[in-house]
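For reference, chains read A, B, C and D in written order, and residue numbers begin at 1 within each chain.
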Amino acid sequence: MIEITLTAWQMLVVKLLIILIIVPVGALVGGYVLHKEMAHMQHRLGPMYAGGWHGWAQTLADGIKFAYKEDIIPASADKRVFSLAPAVIFVPVLLLYLVIPIDRNLIVEDLDVGLFFLLAIGSVGSIGVLMAGWSSANKYALIGALRSAGQLIAYELPIVFSAAAIAMLAGTLSLVGIVEAQDWPFILWPPGLGLALFLLFLVGAMAEMALPPFDMPVAESELITGPFTEYTGMRFIFGFFFAETAHMIAFAAIGTTLFLGGYKPIVPWGPLDVIPGVLWFFVKTSFMVFLLLWIRFSFPRLREDQLQKFAWKVLIPLSLVLILVTGAWVLYGP
Amino acid sequence: MRLEAADALDRVKGALGDRVTDASLNHGQVDLTVEPDRFVEVVTILRDDIALGCRFFTFLSAVDRSTYKFDGDEHREAGSAGSQNGKGGIEVLVHLYSPDMIWHVNLHVPLDFESPVCPSITGVFKGAEWHEREAAEMFGIHFTDHPNLTTLYLSEDFEGHPMLKSFKLPARSYVKAWPGAKDPDEAAAAGGR
Amino acid sequence: MALDIDQRLEKARRPGFGIGLLKGMAVLLKHFVKRNDVIQYPEVKQDLSPRTRGVIALKEENCTVCMLCARECPDWCIYIDSHKETLPAKREGGRPRKRNVLDRFAIDYALCMYCGICVEVCPYDALFWSREFEYAEYDIRQLTHEKEKLSDWMSTVLPPIELEDGADIPGQPTKAVTAESATPSVETTAASPAASAPDTATSPAPETAKPAPGLAEEVKEQQMDSAAKPEAEPEVKRDPEGTVEEGTQAEVEAKTEAETPSTPESTAVTQTPSTPAEPAPAPTRPAPKLEDLEPAEDAYGRVLDEQTKAGSSPQVAEARAKVARVKAERALTQARAAAPTDTAPTPEPSGTPEATEPEQGSVAPPDEGTKGPND
Amino acid sequence: MTIKDPELQNLQDSSAFATEVSEGRLVTEQMLLNVGPQHPATHGVFRLLATIDGERIVRAEPIVGYMHRGYEKLVEQRDYRQITNLISRMDWLSGINNELPLALALEELMEIEVPPRAQYLRVALAEMNRILNHLMFFQSFSAELGAITPTFYAFREREDIQYAMETVTGGRMHFGFFRPGGLKEDVPRGFTAMALAAVRKVIKRLPDYEDLLTGNEIFKQRTIDIGVLDKEVAYSYGVSGPIGRGSSIDMDVRRDEPYLVYDEFDFDVCRGTHGDCFDRFWVLLHEVIESAKIVEQALAGLPPGPIMGKVPRVVEAPKGEVYIRTENPLGELGLYLVSDGGKRPYRIKIRTPSFSNVSALPHVLENTLVADMIAILGSFFFVLGDVDR
């Protein structure tokens, strides 16, 4: 067996390559799951023909189709900003995967400020959306961009507060540390508190990704895919389709790590340790993806001002209260 | 409570008296003929009078009766104004309905054929605005003090009023050559079937 | 009844607290796990009724170029060319006969609105409806089907469909069941289609017609059954008489017998055979006495099991029972109104009988959130 | 369709505008937003010219006429059978209900006696078509508010009913089945059971729709107290049907002036109380239950007998005028038929429900939000063929 010794840098490059492969494949699989789950929930079959059994290659075919499409840049658009916007949206989503622990030592870089890093990178996406909306010189895109920027900022806070509460419970910012601290997953252990934090995080994530019922910026019936109306071809794929699915899987993974105990067994019962950590992580993430999609298909859309009112008047005060309760729990609890 | 057509007619005659030139029953509905100058007044009474209570504005339209074959009339050329008894002109037709007492009234307002002018009832029923715009563009009736008497369906530069009998729809042979050996219209014109 | 509609509206308008959201999600999960009955179109084709207006077929022999269809067509989309031919006289010394020969008969399906006036108006029944609809073209000019293509469609024309029992088929006594004998009058076998139009001309004798796979609606019943299997409803096996696929002849006979008493007189009669509540529906019916009238509930129960015993489909049985109950109630209220005023309470307006209408059966208006009783 | 916007012009180029800016008051420029004619939220080719100030609509003016086919002129060149097919294309979601008033008007003028079986079947088919229409608007309203799932449930239910109607008439949308004096043909064997089964399946699944939408808090937040149309305004605009009943107008032609055999069936007229989007939608949904009840009673009591009265081969209406109205799924459809004898009508005034309902739209849309405009437009159930004729 030949012995390969890699310096730290080479290891990092290899890991990044793996991420660069996994994320698009994950996005494709995520897209396929989206089609299939939506179909069966709506009492129909979903893609059946693309690529043989149950149309497994549907999203792959879509991807290729979009790649062949002509890449149009509107004449009156601000060229550089217009072409840069999809990258500014997609790259942060990729960076999210750097710090998510798939198994005990299967992690790209275990930053000890992993959680802080996640939240910082997560909010870069809203700049990209603004760039896309403004630069495509289209009245509807502009309205869409303004709405989505307002929404992303409004729902950043609930995620930050719930993450902060988790950090307090786990006592560390490092994601591996958080997972290790969860012999009972946080969603179960502080009995009411964990679930409340999880719901807070879920609502914040849904709004962050502009999924229904928070998809005002992308509201088809009024603004026709909001800021991305003018995009076609590869830009549309990366800026919108891949980014959205990859973002969903990333948030599912973060949710699993923070609340469902990452790669640890769901309940600290002895024989469960036999199952490898990766499998746990995979099962929990797919459950989270199923949950996110399930919510996405069953609700109508909130109105723009209701959305903001819900964030500022309901979610943020609630999250502050939860922070207090977590503090009390950490200090005086068991 | 229902108001039978017969006593609805008496009530209308009682309430309106001489403002109405003719009131009769037609298929269970009250038929009134009103002069244009008393039109708005009659409509207001029909709506506001508690005993009548015609609050539901059903529609307003017009009928071009220039080629209507009245009894004892032979076939007349379209667009020829008025037959002997002045029945053959353009008339505005309004239908009101009383939802509480469930009875109908049809108002006929005969207008002069050459320059039909009729007061607008948007003051009484706000909903009449669109109906009057349509009647104006289709029949060429000018509604006085109408808030926005522009065309509703037709484009601004459309000349002529399509619903008048004088406005001829292109006959079939004009649009498409008759596919068969004998064109039944010619046959009919030549006194055939 | 109208009262509780407002209450239900009030209840619907009250703000729930998240429960409504969860119920909505529950509905989705229910459908996620339920097997769905989507037909994969290209492989599985839906079995359409012979009356489906897919395309118009021309039977050239019947056409005498009378141009009625071309004249009646609202869209002017039928093109006909013909010329006159003189035929030798049949018997010598007779006058040479002139005949119209069809040169061109085309229907431009780009203009046609499938209204069926031509099929209806054709005095010689040369035009028929066929249920094929897959004739899309890339070039709109090919949508004008010439005489040859229209004749090809003739092979796909199906014989007209059999009519419901109560239908008045000319030359057939309508199967109004007389009070005493419920024996069905002779049923025409399914083979000879008894269409309402005069018999001679309609049976198009489509020689090369693909053998109609049993009657269209019977096949569709199975197809409907397979689709409705997951439904809780018991799908009924209805065999049209004549084509006996399964079930003995006797069983089929019993079924047709049950079918016929769909007429109100017979239901009324069989409904209350014991008490002469409703003598022959003379115009002015003497109000029956109060005590010998049957309360609404037993009327419902009795008719329901009568019908199910007689084997008619559960939906029809239940519906008939419900109508019987409504009629019984009306009879009761009339009787109570006619009875001497001192004994009877002031008659209710006929719309709301005292006996509160039992909310049951699947048409009961679903109250908020809780499933219908037999869901 | 002329587009004149008095306020906008004089605001911009007048001196008033200059003084406003100089005094430092923030002058928000009003934006002219064109909704339609090609816009997913409009039911067909309908254009709304909205003057909006930020997210608030100052004035909304519907511009119609894109689908004007000139029925009232066409009708004067056609004979009565061709008109049946023309008129069934006005409100294309309720084809068979459109044909009804013409048949009734001719029967009234020619004094034809329609056999009971035809009347019962007409009621059953009309009510089934009403269920189809209402399920369609249930789907489009929820899709406009962003809920994509009800669409597929609604179409699944519609499929059964459309299949039952196709076996009878041959068509799924345009039927051309009603004739003055009765029906074109009789119903095929097994239609009764199939129609009852289809209608019952709709009723069994209605609680799902209630949970999915009416009970949903987000839906309530988007529709309660939005786009309120009060009763008096509705009366003056002639608003009828589910929209009128949503604003608690107690009008239903089937109950007030029962035509056909509606007086033999017991059904209720649901009415809203506040006249907002929620009430209109609620009335629409619960009318489906009432229609199902009617279909059940009609098909259960189906009398035997002929389905066509004594009608001459060529229908020629005697001289006279009559206004016949029926309860179309979207409101009161009325035909004022003027006939001077002969095969062709002299004039038919077609009073369509959506024309009056849409004319009340600008009144409701004043100072609402842009996002609400979509909800209000969606809750005003109208079909463009009806509006433009």
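Operating definition for what follows: contacts are C-beta pairs under 8 Å (C-beta built on N, C-alpha and C of every residue); 3 or more make two chains touch, one makes a residue touch a chain.
Please read these numbers as outputs of a predicted model, since none were measured by experiment.
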Chain nearest the global centroid, as defined over all protein CA atoms shown: D
Inter-chain pair with the most contacting C-beta pairs: C-D
CA centroid of chain C to CA centroid of chain D, Å: 25
Centre-of-Cα separation between chain C and chain A, whole angstrom: 53
Inter-chain centre distance, chain A versus chain B - centres from mean C-alpha coordinates, in Å: 65
Residues of chain C whose C-beta touches two or more other chains: 21, 24, 27-28, 31
Shared-contact residues (touching 2 or more other chains) in chain A: 41-44, 297-299
For chain D, residues contacting two or more additional chains: 149, 153, 212-213, 216, 218
Interfacial residue positions of chain C with respect to chain A in the complex: 21, 24-25, 27-29, 31-32, 34, 36, 38, 40
Chain C-facing residues of chain A, complex: 37, 40-45, 48, 294-295, 297-299
Contact footprint of chain A on chain D as seen in their complex: 31, 40-41, 55, 142-149, 151-153, 156, 212-213, 216, 218-219, 221-222, 369-372, 374
In the complex with chain D, residue positions of chain C that touch it: 1-2, 5-6, 8-10, 12-13, 15-21, 23-24, 26-28, 30-31, 46, 48-49, 51-53, 72, 74, 113-117, 120, 129, 161-168, 174-176, 196, 215-218, 220-221, 224, 228, 231, 233, 236, 238, 240, 262-264, 313, 315-316, 319-320, 322-323, 326, 351, 362-363, 365-366, 368-372, 375
Touch list for chain B against partner chain D, complex: 26-27, 29, 55-59, 61, 63-64, 68-69, 71, 93, 95, 99, 102, 104, 106, 125-127, 129-130, 138, 150-156, 162-163, 167, 169
